[in-house]
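Look at the two complexes coming up: subunit A is in both, with subunit B in one and subunit C in the other.
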Partner chain A sequence: MVISASLVTWFSGPTLQTAPPIGDWVALTPVLLLGLTALILFVIDSIDPDDASNTPALAGTAAVGTVLALGAAVVLLAAGIGQGQGGALRLYGGQLIVDGMALFFTVIFTSVATLVIVASYDYLADRVYQAEYYMLILLAATGMTLMAAAGSLATVFISLELASLPSYALVAFLKDNRGSVEAGLKYFLIGALSSAIFAYGISLVYGATGRLGLDAIAQQLSGGTQLVGILGVGVLMVAGGFAFKTASVPFHFWAPAAYEGAPAPVSAFLSSASKAAGFVVAFRVFAVAFSPDAVAASVDWTLAFWLLAAVTMTIGNFAAATQDKVKRMLAYSSVGHAGYVLIGLAALNAGQNGLVLGASMIHLLVYGFMNTGAFLFVALAEHWEIGRTFEDYNGLGTQAPIACVAMSVFMFSLAGLPVGGGFMSKYFILVGAVGTGHFVLAALLLINSALSLYYYSRVVRSLWFEDPADSLSIDGYPVGLYAAVIGAAVITFLLLPGIFLASDVATSAASALFA
Partner chain B sequence: MASPWIAIGALALVAIAIPLGMMVVSSLLRPTVEEQGKSATYESGEIPTGSTRIRFNIQYYMVALLFVIFDIETVLIFPWTVIYRSAVGSAGLVAALVPMLVFIGVLVIGLAWAWRNGAVRWVKSPRAEQRRQERQRQ
Partner chain C sequence: MVAVQYYLLLSGAIFCIGLFGILTRRNALFFLMSVELMLNAANINLVAFSFQYGNLTGQVFSLFITALAAAEVAVGIGIILVLYRNFGDVDVTKATTLRW
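Coming up: the complex of A and B.
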């Protein structure tokens, strides 16, 4: 198998180049570029805040910033920075860690941010506060890239807040729209609650170990601990904080409201990038700090994730199947996909850690494109103002065939049919679950995927096989939105044959956590 | 036999008995006079006007937010100034000075942006303005 082959080359030491010694700021280029772009946007908007004619400059700067950050992340990843023999780069006393996983997820965040910004140019046309919108997107993206590199619970918490606070404002961006404001408030209140729980969990873990650095916690715990009760409650609370960020049960109920009420590009950003950010932090904290070998004997958190994965994917998919509105269906399907990814955490400590965690990472990469694309198609429909339900999409294929082909690719790929990378990534997760003996999770994954095919294909049926309503008319083909939707579709499709490029990187990055 | 809890229990009994006793005794001794003024919110003779739900100008909130930014800035700058000399000696001028300049620079950009967007411009309340003009006309 290709994955095991990549593992062999990864372990065969001498043939690999060691990363050259580089300055701290070079390894952090993607983060710095995103932050710097946000500051440049502040300056541009300060020149003449009331002038609406600088919108192209704002959108252009934001897009260039994210593309540069994406390029930097890809170059660093390809150059083997923080990977291979040299091991992860520990910056600022281990507060930040740049390794394969951090860079891999940075690629996801910056790709999604680029698609969302390109699409937003048309979506936001004639709206006020555009500068603030792009600033908040970039600041949230900065927070997410920092989350991917966070090396201690303190930086985890701060970067999580840096990603969350702009998100609350973004959800409530349409401030004259009741649904948007309500969604923003709901998201904020549940976010504040889960942040409090998360911070309390950190304090309990600190109480049990006396350390905040992830490596230091692992070292402390490897000798066993007297305070199993405190540690256990702390671990559970930390897991709760991640469940909020990833929209998993039991903190998932904000997701349908927030994704439905928010402007569709923001829903795309939150359901793809923000979810991936929650997962990368969860992977790092649970794989490194509460590493399964050391902690699972006293606090068996893989069991907790086993339950969360099973419940999350079932609830998400069953709720999605009963929806009338496309955006709400996508929101629940996003909860379901969080359940699939959680299998990666549930199946740890069974001897194939790199493989199962790598499978989850690949699924998040593919999901970043196909889910963003699907939400951006909804943004396109909102731009045309054709309505929100499945019936409103009837016969759209006759009017906008290209976008509808793209949407069909997203839907089938999300369902796990072999028209996009979603098939391969789900297959990897399935292989991981079966390979580690989690047959119940594997069965649930198959059942839920079959169920999801039902509601995803409802969209496709509406687009192509239903007769259009007489009133259906669309005005214009917005270039930015079209470019983003088609770009996402092309990459989703290319990830079907090209998945092995990503899977090698993901598996070796995941294995490096356990080395 | 002499458990310290006996003393604590006795103290608790006395602590409850004294205020209860005072209330009972005073209710036996005092005359009762029915009067409406006793049920007023403030017995000072001041008559309450309006409800407690007054709307504050949102700008107090903006000023408070800006204040918090400078507050936190000060919290970081103070310890930095204390160790600045020895930090320059051990780590060099650039390593000691540049990070703080970057930090302040970020805040300055944010402040300039807020200023340009009118966060510190004191907006006049149109209703208060209208009332003032009405008073002048009378």
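Coming up: the complex of A and C.
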């Protein structure tokens, strides 16, 4: 009933007057394309598993799949599917919701996946199990796009696992490398623990409301509930599950180990796309199902996220400042950025919900490019086998100036200097924090950004101003890695003037959640 | 009919046993078993509340959780296997190539 009612409202546009079942398929095109591409890779590989010459076919198919999914998401977003007056498009009885927010994040996931797959072509050269690698990336991306569209706690949990399980395997992909295996183990152990806590939290929320759909929970809670204690514990446990996925305190311990040990393209994928996926689910669940007023009697989760934001950004940035390995520094900096984005959740219910949540979404978009690019530069360094510490990067600017310019753009943009979109997105978060009266968070954001400039500029200093070691030599300029790094740098830079294009989409998508 | 509070007590106890196991055991396989306990605690809740509310949502979701737990173990056993091959042990504290 819900499907047909919403479809009648929704497919009134001239181009989309199709039969309802087809409409569902159209709205889910990005998800279906990603899943289908993963299966096609499986078929290609099963034809001749031992043939190393089909590597270009595998990488090419994977890249085409993600680019098509990206294109589909952009077209759907531009066509206004699930946005505007009629509200979100609810599919399969509200289990999946396609709206501006889901499509916006689908664009992030597919962009990051494209960059990572293009870069992986060189990174994985001469390695075995390449088909499995690309397939796992695509399956994880499928899970993430489903997370963005999840409309009930059941689909949230299933899509979260679909994104997580391939990630565990990807981190441990280098089976003979102790660091990679250890990273995979730690990621898996903490992931399994947090998903169990998450599942128990869902069961308690179900116990308090008798519903799993996000809208149904909200409806049930608006009438009040007797079981305030159970609901409160359940909400906090669900928040714990999201803290793991977004690498926020207190479930951030896996992030430095996993990002450092994993193959660098996988680190890029996890720290950008997986983090964004955790946030989009958190935004939807907490904004729609557990609106602050409805659960006020049980738990004040805006306060919980306030604390998490403050602690996460401080711990992340201080820990990053003390690292001597670039990849580990980036890992801690990604914890710090999770703290900035959490401000969007902490500042909800202060009357400017669309603005603060929109600011967080824009930051995740920009972060998706600048952080992916930074990790892919590390992948480039690993490809050249020049070492992992800041000192090992000394004088790289003399050898590979173009890549080093790109890396400098990423570093300054991550720090929040106006050479890339990171400046504007951080500014939006700051405006949101000040506008909702969270002056302490705003001050912490500024202090932490100033601190982050110290350790980001250490990289830039190594690249350009230090003398290269005598042994520094790089062999060749891998086309795929270069293309991905430069592409990410160009988009990061273009997002500085182009941010207002994205900010309109993000703010209206975020506002629609509260309509 | 058993009151739903007792199911909640049972599931809470099982969840805590699982959590205790995770915090104290160093063997990765025991860790997996403890996670299974915690997931099944969630299942008990879902089925009990499903009965209480008279809708099937919780029961169906508990089937999904069971299936996902199996998938998680499959991936986990794989990772523990490569752990054993690289470190010669399934002790989670032995793998310390990377600082925490």
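Throughout what follows, the second predicted complex is superposed on the first by the 490 of 515 C-alpha atoms of A that agree within 3 Å, B and C clash if a C-alpha of one lies under 4 Å from a C-alpha of the other, contacts with A are read in each partner's own complex, and residues count from 1 in each chain.
Here is the rule we go by: contacts are C-beta pairs under 8 Å (C-beta built on N, C-alpha and C of every residue); 3 or more make two chains touch, one makes a residue touch a chain.
In this text, all values refer to a predicted model and were calculated from it rather than measured experimentally.
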Quick one: subunit B and subunit C on subunit A, clash or fit? fit
First, second, both or neither for A:Pro49, with subunit B first and subunit C second: first
Looking at A:Leu189 after the superposition, I want to know if it touches subunit B, subunit C, both of them or none. Which is it: first, second, both, neither? second
On the superposed three-chain arrangement, identify whether subunit B or subunit C touches more subunit A residues. C
Of the two partner chains, subunit B (first) and subunit C (second), which one does A:Leu39 touch, if any: first, second, both, or neither? first
Contacts for A:Ala79 in the overlay, against subunit B (first) and subunit C (second): which applies, first, second, both or neither? neither
Look at A:Ser203 in the shared chain and tell me whether it touches subunit B only, subunit C only, both, or neither; answer first, second, both or neither. second
To the nearest 10 degrees, what angle do the lines from the C-alpha centre of subunit A to those of subunit B and subunit C enclose? 20
Minimum CA distance, subunit B versus subunit C, superposed model, integer angstrom? 7
Could you please specify the touching residues of subunit A with respect to subunit C in the complex? 153-154, 157-158, 161, 165, 168-169, 172, 175-176, 178-179, 181-186, 188-189, 192-193, 195-197, 199-200, 202-204, 206-207, 210-212, 230, 253, 256-257, 260-261
Which subunit C residues qualify as touching subunit A in the complex? 4, 8, 11, 15, 18, 22, 28, 31-32, 35, 38-39, 41-43, 45-46, 48-50, 52-53, 55, 57-58, 60-61, 64-65, 68, 71-72, 75-76, 78-80, 82-83, 85-87, 92, 95-100
What does subunit B use to touch subunit A in their complex? 106, 109-110, 112-113, 116-118
In their complex, what parts of subunit A are in touch with subunit B? 39, 42-43, 45-47, 49
